[in-house]
Amino acid sequence: MARISAGVATSHIPAIGATIDNGKTGEPYWAPVFAGYDWSKQWIAEEKPDVVIIVYNDHASAFDMRIIPTFAIGCADRYGICDEGWGPRPVPEVIGHADLAWHIAQSLILDEFDMTIINEMDVDHGLTVPLSLMFGQPEAWPVKVIPIAVNVVTYPPPSGNRCWQLGEAIARAVASFPEDLNVQVWGTGGMSHQLQGPRAGLINAEWDNRFLDLMSTNDGETLRTIPHIEYLRETGSEGIEMVMWLIMRGALGRMVKPLHRHYHVPASNTAVGHLILRPAESSSSEV
Amino acid sequence: MARISAGVATSHIPAIGATIDNGKTGEPYWAPVFAGYDWSKQWIAEEKPDVVIIVYNDHASAFDMRIIPTFAIGCADRYGICDEGWGPRPVPEVIGHADLAWHIAQSLILDEFDMTIINEMDVDHGLTVPLSLMFGQPEAWPVKVIPIAVNVVTYPPPSGNRCWQLGEAIARAVASFPEDLNVQVWGTGGMSHQLQGPRAGLINAEWDNRFLDLMSTNDGETLRTIPHIEYLRETGSEGIEMVMWLIMRGALGRMVKPLHRHYHVPASNTAVGHLILRPAESSSSEV
Amino acid sequence: MTGRTRDIHAYLAEFDDIPGTRVYTAKRARQGYWMNQFAMSLMKAENRERWKADERAYIDEWPMTEDQKQAVLDRDYNRCLDLGGNIYFLAKVFSTDGLSFLQAVGTMTGMSPQDYQAMMIAGGRSPEGVRSIREKR
Amino acid sequence: MTGRTRDIHAYLAEFDDIPGTRVYTAKRARQGYWMNQFAMSLMKAENRERWKADERAYIDEWPMTEDQKQAVLDRDYNRCLDLGGNIYFLAKVFSTDGLSFLQAVGTMTGMSPQDYQAMMIAGGRSPEGVRSIREKR
């Protein structure tokens, strides 16, 4: 039986990808950003997940204004790397796990989530930067990936509550997959950042750290009820990406055990946040 | 304030469109099919709805296997007519109501429906045949249209319960639109038909008529719990399209007053069913 | 929530119990992906011309199995369904041949066009005995 | 259900209360549709070449208002946002110019690139006083 063994939260800032690709992770500006991932890289090398479900958002890369899915799940065998304007990142193509992805997609729709199924798609920095942060620069990614793309660009994004519920439903779906697979769920994006207007550059380290606390200790009653306006006011317009962390968090069950935590300001315009969490209950399917 | 004044259910058989387009509605085979819409045409000429929300499914016309949205809502100003293999039907282009459509789309997402927003799309017989049946062959359609495309091709389609809930949420959304608009909701597709395999041609008039009864008299507790397998076993593999009628029915509130009913076998491979219903409660927003 | 089936395995298993019917599940959608995308390509007039000019050459451009290609070339729609085809996609093939849904669908029943048409006019195929293989009803 | 706002009007109204911020609502998405689709077209190398060769000729191919075109030609990103632009789409314009997010985003703040960069290194802009116009906090 497949099981969700851990959750990872991490920012997915494009400049981090460029820094890795250009071999500049040792520069003084960047070293403290990457230092917080040293433990994570060792940890994941030991964990050896088979599949990672990566919750991310497309940044006007694969999707434009013609079609805007709220929740899209990739069911393909492979995903190409988007050209976001400077040519595609020089990273390996992303290999899917179509069996598990279709199983989850079908289960979620039966469970009354109105998923959009995607069979052909390129993925952007929102998905590849977390892979680089966790795995460095391998010849091929050592995991299969199921992309879940969430709309957080055109308003309204899904509510925090709906994201949490989707996470719970993903856990149920994974638990009913017959093959024995070690599955992780990653929530990406955030933390504080605003990339537009006179208020650009906003960082709220206090709020971010309270959110990291809640992600580590709260059973969800507080987290899932944070309204969109609070993310926007407190953490900048792009801070809304943090609703995607709630999908990961919801998939881990009521309580979690925090394994690792990292916070740094700045990377480009953004606060970097990172968490590794274990489900505290024996089985996340008992949610 | 916008209000849902009526619901219409109708089959959307492509051969009906071809018959209208070729001026053959008077032929003996076809006359009884169209006779059931005479009352409806008169009725709608008096009702003069401003906007019709048409719930339909795309038949591998605008969407292929690359992307499969469970619930998609058209927010465009206009929609072209699909070329389904014989050139586009010679019908007027479909004019949207982008203000109301975006209002409904935003409201539904806030209400935790995981909509896919569509801004450019051609529409196929699933949407245009009902327009032809209700309005004949005008120079321009006398209503604005909001398309809601439901996946009923790749399994699983949304549950009957989820469809009903979407209808209820559409009613809430329409009721909160400030402009005074007369809005109808149409559910299309069905009734009995199977277009594939040795069992093709299946028609279950008894089941279809019980469904028409329930649509007219039931408060939903029975209708919304009909499982997919029952549609398939009893009404043929394409009978599943009837789940789309439940979106219309859910939008009308708990009880309805039936105004008109029509049932005929066959049209091509299919049983034709048609209903016109009024919400029985003073306001459908009180659901 | 209603007492609906949430277990996808049980949900899908029931579909195999319907006689003479292939439900377009993920398994079929994956198997038939390129057959269906091939068929979809015939929505464009220029592709229809190329297909009509040389069916074999056109279909060889698609990553389909030889079985799938042959089933399409043979217009053996039951076989196409067995290999993952979906009728709404395959409709592009029979529409290009100038066949209506009524004509094309009839070919899958083993009946003559006349008999199939006559059955439909007489009220269609009865559901009696073709609801469930297991329950023989 | 939680006690969340279900009323879309109240939900949207709150966004106008955030200083120096344009939330990409339906209203903005509709106003800026073609500006954003124009920007998206720059993801293709051949379009970038045509744009760089003659910006005015390239942008005139798009059904944008003259105000929108001028705002893009001027690289006035605040004005672009006012006219319905979204930063992830507009990023294709500044990426084509060879600007990073850090450089481009800074131009919207009225600060010099050096000052903006220094502010970020010092911990970013404080939320104090820029949370709410109405509540002055």
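So that you can tell them apart, the chains are marked A, B, C and D in the order they are listed, and the count of residues begins at 1 in each.
In this text, contacts are C-beta pairs under 8 Å (C-beta built on N, C-alpha and C of every residue); 3 or more make two chains touch, one makes a residue touch a chain.
Here the structure is a predicted model, which means the values were calculated and not measured.
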Worksheet entry | Whole-Å gap separating subunit A and subunit D, where each centre is the average of the chain's CA atoms | 24
Practice prompt. Could you grab the centroid distance between subunit A and subunit B? Build each centroid from C-alpha atoms only and quote it in angstrom.
Written response: 37
Worksheet item: What whole-Å value do you get for the distance between subunit A and subunit C if each is reduced to the mean of its CA atoms?
Response: 39
Practice prompt. Could you list which residues of subunit D touch at least two other chains?
Written response: 1, 4-5, 8, 11-12, 25-26, 33
Worksheet item: If you look at subunit B, which of its residues touch at least two other chains?
Response: 65-66, 106, 110, 112, 119, 154-156, 159, 161
Worksheet item: Given which chains touch which, is the overall layout a line, a ring, a star, complete, or other?
Response: other
Worksheet item: Between which chains is there touch?
Response: A-B, A-C, A-D, B-C, B-D
Worksheet entry | subunit B-touching residues of subunit D, taken from the complex the two chains share | 1, 4-9, 11-12, 25-26, 30, 33
Response to the item:
Per the touch rule, the subunit A residues reaching subunit D in their complex are 14-15, 29, 59-61, 64-66, 82-86, 153-156, 159, 161, 192, 194-205, 207, 224-225, 227-229, 232-235, 237, 265-266, 268-269, 271
Practice prompt. Can you check the complex and tell me which residues of subunit D touch subunit A?
Written response: 1-5, 8, 11-12, 14-15, 18-26, 29, 33, 36-37, 39-40, 42-43, 45, 77-78, 81, 86-89, 91-92, 95-96, 100-102, 105-106, 108-110, 116, 119-121, 123-127, 130-132
Worksheet, complete the sentence: The subunit A residues in contact with subunit B across the complex are 65-72, 106, 109-110, 112-120, 154-159, 161-162, 165
Worksheet item: Which positions of subunit A touch subunit C when the two form their complex?
Response: 75, 98, 102-103, 105-107, 110-112, 119, 172-173, 176
